[in-house]
Amino acid sequence: MSRIRVAVLGATGVAGQQFLACLAGHPQFEVKKLGASERSAGRKYGDAIKDAHGKVSWFAKDPLVPEFAALMVEDAAHMTPDGVDLVFTAVESDAAKHLEPRFAEKVPVVSTASAFRYEPDVPVFLPAVNLDHVGLIELQRRRRGWKGFITPGPNCTTTGLAITLKPLADAFGIDKVVMTSMQSVSGAGRSPGVLALDVIDNVIPYIAKEEEKVEREAKKILGKLDGDGIVDAPITVSCTCTRVNVLEGHTESVTVSLSRPATEAEVKGAWREHGAAFVRKGYPSSPRQLIVVHDDPYRPQVRLDRDNDDGMATTVGRLRADPVLPNGFKYLLVSHNTKMGAAKGAVLVAEDLVARGYIG
Amino acid sequence: MSRIRVAVLGATGVAGQQFLACLAGHPQFEVKKLGASERSAGRKYGDAIKDAHGKVSWFAKDPLVPEFAALMVEDAAHMTPDGVDLVFTAVESDAAKHLEPRFAEKVPVVSTASAFRYEPDVPVFLPAVNLDHVGLIELQRRRRGWKGFITPGPNCTTTGLAITLKPLADAFGIDKVVMTSMQSVSGAGRSPGVLALDVIDNVIPYIAKEEEKVEREAKKILGKLDGDGIVDAPITVSCTCTRVNVLEGHTESVTVSLSRPATEAEVKGAWREHGAAFVRKGYPSSPRQLIVVHDDPYRPQVRLDRDNDDGMATTVGRLRADPVLPNGFKYLLVSHNTKMGAAKGAVLVAEDLVARGYIG
Amino acid sequence: MSRIRVAVLGATGVAGQQFLACLAGHPQFEVKKLGASERSAGRKYGDAIKDAHGKVSWFAKDPLVPEFAALMVEDAAHMTPDGVDLVFTAVESDAAKHLEPRFAEKVPVVSTASAFRYEPDVPVFLPAVNLDHVGLIELQRRRRGWKGFITPGPNCTTTGLAITLKPLADAFGIDKVVMTSMQSVSGAGRSPGVLALDVIDNVIPYIAKEEEKVEREAKKILGKLDGDGIVDAPITVSCTCTRVNVLEGHTESVTVSLSRPATEAEVKGAWREHGAAFVRKGYPSSPRQLIVVHDDPYRPQVRLDRDNDDGMATTVGRLRADPVLPNGFKYLLVSHNTKMGAAKGAVLVAEDLVARGYIG
Amino acid sequence: MSRIRVAVLGATGVAGQQFLACLAGHPQFEVKKLGASERSAGRKYGDAIKDAHGKVSWFAKDPLVPEFAALMVEDAAHMTPDGVDLVFTAVESDAAKHLEPRFAEKVPVVSTASAFRYEPDVPVFLPAVNLDHVGLIELQRRRRGWKGFITPGPNCTTTGLAITLKPLADAFGIDKVVMTSMQSVSGAGRSPGVLALDVIDNVIPYIAKEEEKVEREAKKILGKLDGDGIVDAPITVSCTCTRVNVLEGHTESVTVSLSRPATEAEVKGAWREHGAAFVRKGYPSSPRQLIVVHDDPYRPQVRLDRDNDDGMATTVGRLRADPVLPNGFKYLLVSHNTKMGAAKGAVLVAEDLVARGYIG
């Protein structure tokens, strides 16, 4: 099979770099074009990410591979989809509003931006959770007259929540969710990002717009495709999002009310079995297990568990009955916000869309 | 008025040192005796807290005053209440089981240990919350044949929760509470305490026995005195207690279901007015305001707010409606775990008991 | 005595806020005018420091006092010295180059910016260290034809080093200095400041331009006034400046080669006596002791010692002989970078200049 | 070749666990026996490391393999070397004094304990630095009448320093060294270890006995074998050892005086070439490059560089001329204190001793 030619927009930012880190040596995707702001255009990528002092600003753990460093960066505002089969975008939401449709006219656009997440004809894919929303792609194409389409991923805080709720929704039904997050600083990126001055020896009790996003996206992702669109899952979600002094990985304390009684063993069973069929497909970016369940009450710990399966597994623990909500259960989860919760999650979605024939 | 002569048990530990920090220069309490383990007995306090290398291990922010440093430490196991009117104890719970009753036979014992918290004839006082449980003291004396009594303070995580729930319970009634805490490392003390190795770049999802304590104590503290004892408040409390990389001060994310509808303004009003009468008494260790309410969504922040009124005020913010629970509200609170949540809170209780004639 | 009317330039930034925190309730200085960028001009200060979301961005520990919040901010670029006797500036160095001379034509300018530090006719005052460089003010006025003058303070990392070297230079002479700093994140301010992402669980081995500044400034500050200017102290200084995960306060590991032999007791004596005459003047911002000397090897600790005398004392410890340099000694120091090392140090200098008749 | 049968003493502690992590799946070494304190004896290893609450206390990043978990722990005090060809010991220094000689009578003992480091007939091996001290083994055997021998590794802070000094000593000679370390908390282990309470937002300026160890060991490791023993390198080393809020990996700021002039390029060249022959041997635990040299002034950063080659490479950067010392150079280094600086470094030494025929 010939490799699928991809462009990465917003390639110089942190999220864009994470795309490149995931795509280095990828067996299916071949990075052909890089788009960024006018300031970076016309320079080799390796030069474009140097700061004013000549220092290379590369923030992913995996190194920048030479073939990407040598690519010429184009001005995203004037770039075309010519010569590529797929576009990954990691631009800010405001930029995405204008850029992504221009590319989607011709080719599929898989994005981490929030710009189109709440459009009724746009699916917010989460691997092994709602890839059956894929029918929305046809609706989107038809309505908008595009050859391509746009599929944004969810907010990084929605990711772990929706992944762990999905098997419970399928097995027992869920009605209500109360969640308090303890989010890492990497989710805020670098411009401006979280200042050390603000987070050392501290908890920041508010992340602007985050709670609304998670509440809205969880209902959409767990919703059902119904002809003309997604019918939101009939659940109530109540979030409190905080920032803690952690580098990477989000911890979430979740209380969920099931629609019918279940035992702890049944809940753990539903989690452990979740995604088995998906995992068997063996996509390059897939975890070996979607949800890792701990019985040790001292797990999940974000520093110990965030990198499970290169950040693509969600880890849960401390499952116990909750006395407040009907058929209530409490648990904690750890999810890697810049892997499954961002670029690498988007790449995994793209891998699935390739397998189903929507890309390539 | 002559000063009340006090002994401090467990004086060499972190909690004991916090008692001494609060009692330095206290207008009412005069520290006369210090008790600790056999190892420290017979040495001046200033020497007894030196470690193997001769280093003074004093951990409170306020300095150790010379008059305490010069006091001779006694073996708590053989110490008597002779010559003191009041005993503050900061010993471990196991030691408290045996030590505290021995002193309570003769004099009042105000404690931070959990040993007697759950006894039906023992009040768990929280300033401006349940000092009307004081009638339990007579019951305790009668039943146990003591001249003195034991009053332990609550767990440090219960403190801020119960303080902020009390005015809501009084004004609107409360039915259910869901709480996730992000607790500081100082709550665990120093032996063994929290290792840096465990908490750097991490969240620890479990604190042994903590959740049960908070759930149980909140119901007792908010309960009503009824003849022979406390009738627990008819509320359901569900806690998740975690440890974060913060030095001092606990942050708690709370969802509460009120018994009847209220507006945000009414809730804030109830908080702001709470404890006004108590505060007017002007006790030496009293905050000027019991609950500080913020409208800025970026508050409370534990590093910025824990030291309000020398750690004796509880700070709340981010009040908003909660869609999951009936008449639901969500908020965050910050409470200083080693001030109002421990020794200084106990001293404030003692100041009130003096004013009411139970001590001295 | 009537109070001295002052303007603060760069009032909305972190350093400017620190000036306002120091000047609240100051017995001598009355803040009359505030200057900032065009964006803030024409708004009340309390509004000008609100961010895009309406959140007040005030970063000093001491609260913003209402009389400053009510002051109207002027555009610094068009502001005049009319109506003020003294200007404190906390602007970036590039802006200082143009702004400070315009004000110095008429009134004294005491600054934290580096723009004029290295000019031969500009003194870099450090309290109790080189206030005898005051003669340079006349030279500066004469050469530049100004009624006022400019006196910048040193870099925050130079401050503690020069303060602790000065008594050694006076008593024993010094030849060589090797210094490694472990600097806090607050020194970098907020725009851009140090990202949590960079400093969590890390040491950043480089701070651009910092080492050169410290090496150069130490020689100037310890130099002698000689007719037309300062003759640099004949010492060699070699610095390595790093950033660690500390909120406030710089730690420095210093090795110094004295010009003649000395004992540890003599060195400690020189430190302890240093600045006694200065301290007796009792300036409002003065520490009670300039250098606090510890014998406990576990001190100084930056979190425990930075706030000594409201951040105006420098704390030293671990003095011991060094085998590498002739007459070598090693020690560690802790200095508060945003108090004595910045705005409050500048205010203390101004207090001294008032006493000597150079201001007011 | 049949595998070499090894025992690990002190197997339940942090350092012992690190040995087991390195030895899992090792191609040459087969763990046959585990020794620990009496308390652990007679239990399976997987049970012996459970704490009072039944929680498995395993602290290495790599998981505990089942074959080690199933091994029965013996009481080290009564264990014999029967059935093993080699003993790795990770016991405390006091225990090592008695235990290690008992085993060394029969078999080689490779240790991380300091007990025998300063004995004249005991080599302190550092891979690619002083394996030519191997002749000391014969002397030791002869003098002590042992069939085996003891070879302790250096203190973790000595490791990176000696590795980076060695090529400079060989190429240019070195006379003097001034070093300030910023050490991670993992070096202190877990009992008692570094409390979060002490290191959050702080720098601890003192590590008991550390500086003396580093000064002494560096001279021995860089010394020359001369008939009856090691002649210490004729260098003067002056250390200041501090603890910073970093999880793993030590950062050291080094100033070195060479015996003859050199250029920066020559110094970097010496580092880059260092250990090439050693690395080519391809030992299982060997890094691919002994010293990684950075030109980017923002490197080395401990969080980014500690894991180079699984913690077995030492990373240097910021090389520049130093004006204080003759032929002076300054640089920073990062070294992984619990990998090359402890158990895995010891395993690498053992691999070399196998190749030379001293073990097995």
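Per-chain residue numbering starts at 1, and chain names A, B, C and D are given in the order in which the chains are listed.
Everything that follows uses one rule, which is that a residue touches a chain if its C-beta (ideal position, glycine included) is under 8 Å from a C-beta of that chain, and two chains touch if they have at least 3 such contacts.
All values derive from a computational prediction rather than experimental measurement.
Asker: If you check the contacts of chain B and chain D, which chains show up for both?
Answerer: A, C
Asker: For the interfaces A-B and A-C, which has the higher count of C-beta pairs in contact?
Answerer: A-B
Asker: Centre to centre, using CA atoms, which chain is the farthest one from chain C?
Answerer: Farthest chain from chain C, going by C-alpha centroids: A.
Asker: Starting from the mean Cα coordinates of chain B and chain C, work out the distance between those two points in Å.
Answerer: 41
Asker: In angstrom, rounded to a whole number, how far apart do the mean CA points of chain A and chain B lie?
Answerer: Chain centroid spacing, chain A to chain B, equals 43 Å.
Asker: Using CA atom averages as chain centres, what separation in Å is found between chain A and chain C?
Answerer: The separation of the two C-alpha centroids amounts to 46 Å.
Asker: Give the residues of chain C that touch two or more other chains, as numbers and ranges in rising order.
Answerer: In chain C, residues 200-201, 208, 245-247, 297-298 touch at least two other chains, as defined above.
Asker: So in the complex, the part of chain C that touches chain D is made up of which residues?
Answerer: Checking each residue of chain C against chain D gives 176-178, 180, 182, 200-206, 208, 236-238, 240, 242, 244-247, 251, 253, 255, 257, 297-304, 317-318, 322-325, 328, 330, 332.
Asker: Residues of chain A touching chain C in their complex?
Answerer: For this pair, the touching residues of chain A are 53, 59, 185-186, 190, 192-201, 208, 245-247.
Asker: Can you tell me which positions in chain B touch chain C when the two form their complex?
Answerer: 55-56, 200-201, 296-298
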